[in-house]
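Below are two complexes that have chain A in common, paired first with chain B and then with chain C.
Right after this comes the complex of A and B.
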């Protein structure tokens, strides 16, 4: 479930620029990768000027600032184009960086495989204050016993989950704030009608560029916390264009142009993937163990049900996710949150209490 | 002189859409621009607002008084700003807007999924300096934007529709909102491009009343095909024909001008107003169809590129 956090945040940053200004940033993986690589390289002391032991929170922000600057560079060229051409040129930029990172010997001895954090675990919290920091990581994370004297024990993964969760929530509120600021309204105006936005006096180019930089910043934060958690980064998992595609898919499932939507989309996709996967508790295991032997051997168009489960269900999550995605695009074009808002006639937070009250009466 | 053009020319390939227009507008005037389809009227507007860059000639704009030091800085673009006159020849649409020239469009060009209030509010926000760059403040804190927007909605008669999603408005209401969005920028010069286009004959009176109301405290340039309206409300009429300014003067003079009769009016004033009125309405309908075939919004951006 930790994956929901960093992928969700990444999808949110993608939605921030794509869903609000209407410019599809197909090269968003470049920012995710920048954040991830920066954190790993900084932890290994490979970034000039940043000593090895610099707290993770600082390198995370520095990486994000770097990605924001990268976004300014990419954006300053790309925003001269619109529509599909904008999407293509950002994709082009990202692929160039991907190839570069894949063959950059400085990163590690085997750049195609990526780099790994060699030192201590990375901690989320207040820099330089040990008591207020928590190590995160799949294997290296801190576990907490007897939390605040409440008798609650948290395992390393759970601690990582909440630590990353805090970062994501902070980022969400930050982006939410920007979306509801006058600046955010200009972004929406650009999405709705860029020509008119210019005609009423907005230098749209600058607004788009700023939005892109902010988006790149948060995209890199997502990459950074991913790197801290997994402790290793590979070009294919960070800079590759399919990482952007993941964000695009979850954004569309969750609701384009709704900031929280991508989180729900990621949750939905990951949930479905977990249910359909082979690993513990997946639906294939459930069917194999739950059904009586006679049912498993039952004939189904010439093959036994067990064989069918093994070939068509077991580990075929992407297939079904693809189908679900197609169904979403066809029947729920506004995504989960977007449709919910349409039904409720406003944002969920504002409208849901009224609706619930109606049922309670 | 509020606005002055000098030999303003726009060429598209071999076609000259606007040809050496020398035009001047006094503060407070309501000047109508008329001419047959393809005469270059919308292109003229596009040049004034910076949507298109002139092939030749100059545009100077001299916005009156209040706090224009700041405006001037915002408008940038101008090179010859030694005195108070702005050279907006090469300015971009946002720069001309900040300088004080706002326009409405021939084909409705609003923010379709936003509320009526937000359409006007976001336009009002644009003219308030750095407010739009405040990333960290909630938009609800800026009460003056809302107050301004509400004031304008009352003026254009859409106060009750404030929360309606714009695309659900009737056509006539959208035409009024077009003017409202243009007003929100607190313009010194308002360019109205066929505000009555496609409005039913009963609706035209409302729009005309709105134009007269707005013209009372703004300088207005109006493109209009409805001759009744033009003759009725204009202080001055300028006639464009094949990109050239063939007449410019008070309505009575223009009505009697030989060249104008020939080019456009088709005998208006000689054979009585009834026939001409019907004629011009037919024109407007034709033009709407043309625009639709061109693909809606694009058409207004490209303007009359013929």
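Right after this comes the complex of A and C.
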């Protein structure tokens, strides 16, 4: 479930620019990758000017600033275009960086495989204060025993989950603040009618550029916490086009143009993956154990049903997610959260209590 | 050109050509510089023919309908596998060269027919309901379809005991030996496969050109890409034209896939889906979305850029392995910066 956090934050940063200004950023993986690679390289002392062992929180922010600058560079030429052309030029930039990174020998001896953190675990918290920071990582994370004297023990994964969760929540509120500020209103105005926004007197180009930089900043934070947790980065898992595609899918399912929507979309995506997997009570296991042996051996166009279950259900979440995605695009274009808000006539937090109160009487 | 995952294969293939004695001889002496240039140029045109075939369907669909079909690559991938299936079933060890090539063309026609029908059906059922929405939703929908096609392909292949990830070797092995050799053309050794690909690319180009200029639907497309509403006002059933064009565009994608099946740098694999899509985008954008002439020119440019950069790397002048991929995507970016509508694009198309 830690995946939900960093992928959710990445999808949120994607939605921040694409959902609110209406410009599809198809090369958003570039920022995710920048954040991830910067953190790993900084931890290994490979970034000039940053000594190895600099606290993770500092390198995380530095990487995000770098990604924000990258966004300014990419955006300054890309925002002269709109629609399909904007999507294509950002995609082009991201692919160029992807190809450069996967052949750049400085990153590691085998750049196509990416790089790994060789040193200590990376910690989230207050820099230089050991008591106020927590190591994260699947294996290297810190475990907390007897939390605040309450007798609660937290395993390394759970600690990582909450530590990453804090970062994501802070980022969410920061973006939420921007979206609801006058700046955010201009972003929506650009989406709804850019010419009118310009006619009213807003320098839309600068607003788009700033929104893109902010989006790149948070995209890099997502990449950074991913790198801290997994301790290794590969070009295919960070800079590649399909990473952007993942964010796109979860954003659409969750709700395009709603900041919290992508988190729900990612949750849905991961939930589906877990339900279909073989681990602990997934559908594949259920079918394998629940169906009688004769049914499992039944012939299905020359293959046994068991083999069919193994290959067509187990770990095949992308297929079903693709089907759900197409259905969402056709029938629920506003996504889960967007549709829910339309139904309730406001944000869920504000309107749901009133709706529920009706049933209490 | 396995973009994402198989650079080693690309390099190995390119390396093999560089280590070929005649090629080494050609690159060795300064006197033979002209001959090397001619060989690189010929290979570039061969690659360009491939790029053209995979991109032309995309530009056709965009030209009339304004829909950027993200399922294009997935269809090409399906085409490669279907074509491969026909060849693997029909061609045995004793099949002659001519018979094999004949089967190849039968497979080409068969795959084209099947995918054209499937593409038309897809247009009617899935894309027609969302024409009135913003173009973003058409991109999203076709992208979702491509995701589904890719996953279904993976499942079917795994069920049949074929690895979806590295190339499917069986159909690649059916390529007749004649095509694998080199032929002397004006004193330059050119791979026959490239000549074969150039021939097919030329046939496809002529066929599409004839379709656009000599048939009624071609007239609709050319008129529709200028002004759809006006064409509708003149009484043309644009909806039917959309269905036909989307079908033909899909069919052309699959034809591109069949062509890639024998090519050692591509070959049938599920990864073809994304690779073909990205390269088709580059070619179509450089040429100008919706422009046939532009696609032809851009395919040539990208093909030659590809072969020149591959040659630069294999001869060791540049030691950066990802050179040709980077160059191709840089071409896309630079083109969009200096001339967003592409070489021959109409400025209004796509609304930038």
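General remarks:
As a convention for this text, the second predicted complex is superposed on the first by the 340 of 361 C-alpha atoms of A that agree within 3 Å, B and C clash if a C-alpha of one lies under 4 Å from a C-alpha of the other, contacts with A are read in each partner's own complex, and residues count from 1 in each chain.
In this section, a contact is a pair of C-beta atoms (placed from the backbone, for glycine too) under 8 Å apart; a residue touches a chain by one contact, two chains touch by 3 or more.
Quantities reported herein were computed from a predicted structural model and do not represent experimental measurements.
Room for both chain B and chain C is found when the two structures are superposed via chain A, with no clash between them. If you stand at the C-alpha centre of chain A, chain B and chain C are 80 degrees apart, rounded to the nearest 10.
Legend: residue contacts after superposition of the two complexes on their common chain; A:326 is shown touching chain C, with no touch to chain B.
In the superposition on chain A, contact of A:202 is made with chain B only, not with chain C. In the superposition on chain A, A:192 makes contact with chain B only, not with chain C. When the two structures are aligned on the shared chain, A:81 is found in touch with chain C, with no touch to chain B. Between chain B and chain C, the partner in contact with more residues of chain A is C.
In the superposed model, A:178 makes contact with chain B only, not with chain C. Of all Cα pairs linking chain B with chain C in the superposition, the shortest spans 7 Å. Residues of chain A that lie in the contact sets of both chain B and chain C are absent, per the superposition on chain A. For chain B in complex with chain A, the residues that touch the partner chain are 49, 51, 92-95, 97-98, 102-103, 105, 109-114, 118, 121-123, 125-127, 131-140, 142, 145, 181-182, 184-185, 297, 300-301. Chain C makes touch with chain A in their complex at residues 4-5, 7, 68, 126, 129-130, 133, 135-137, 139-141, 143-145, 147-148, 150-152, 154-155, 158-159, 274, 278, 281-282, 285, 289, 320-322, 325-326, 329-330, 332-333, 336-337, 340, 350-352.
Listed in rising order, the residues of chain A touching chain B in the complex are 177-178, 180-186, 188-189, 192-193, 195-204, 207, 210, 214. Interface residues of chain A facing chain C in the complex, by the touch rule stated above, are 22, 24, 77-78, 80-89, 91-93, 95-96, 99-100, 102-103, 112, 236, 240-242, 245, 248-249, 252, 303, 307-308, 311-312, 316, 318-319, 321-323, 325-326, 329-330, 333.
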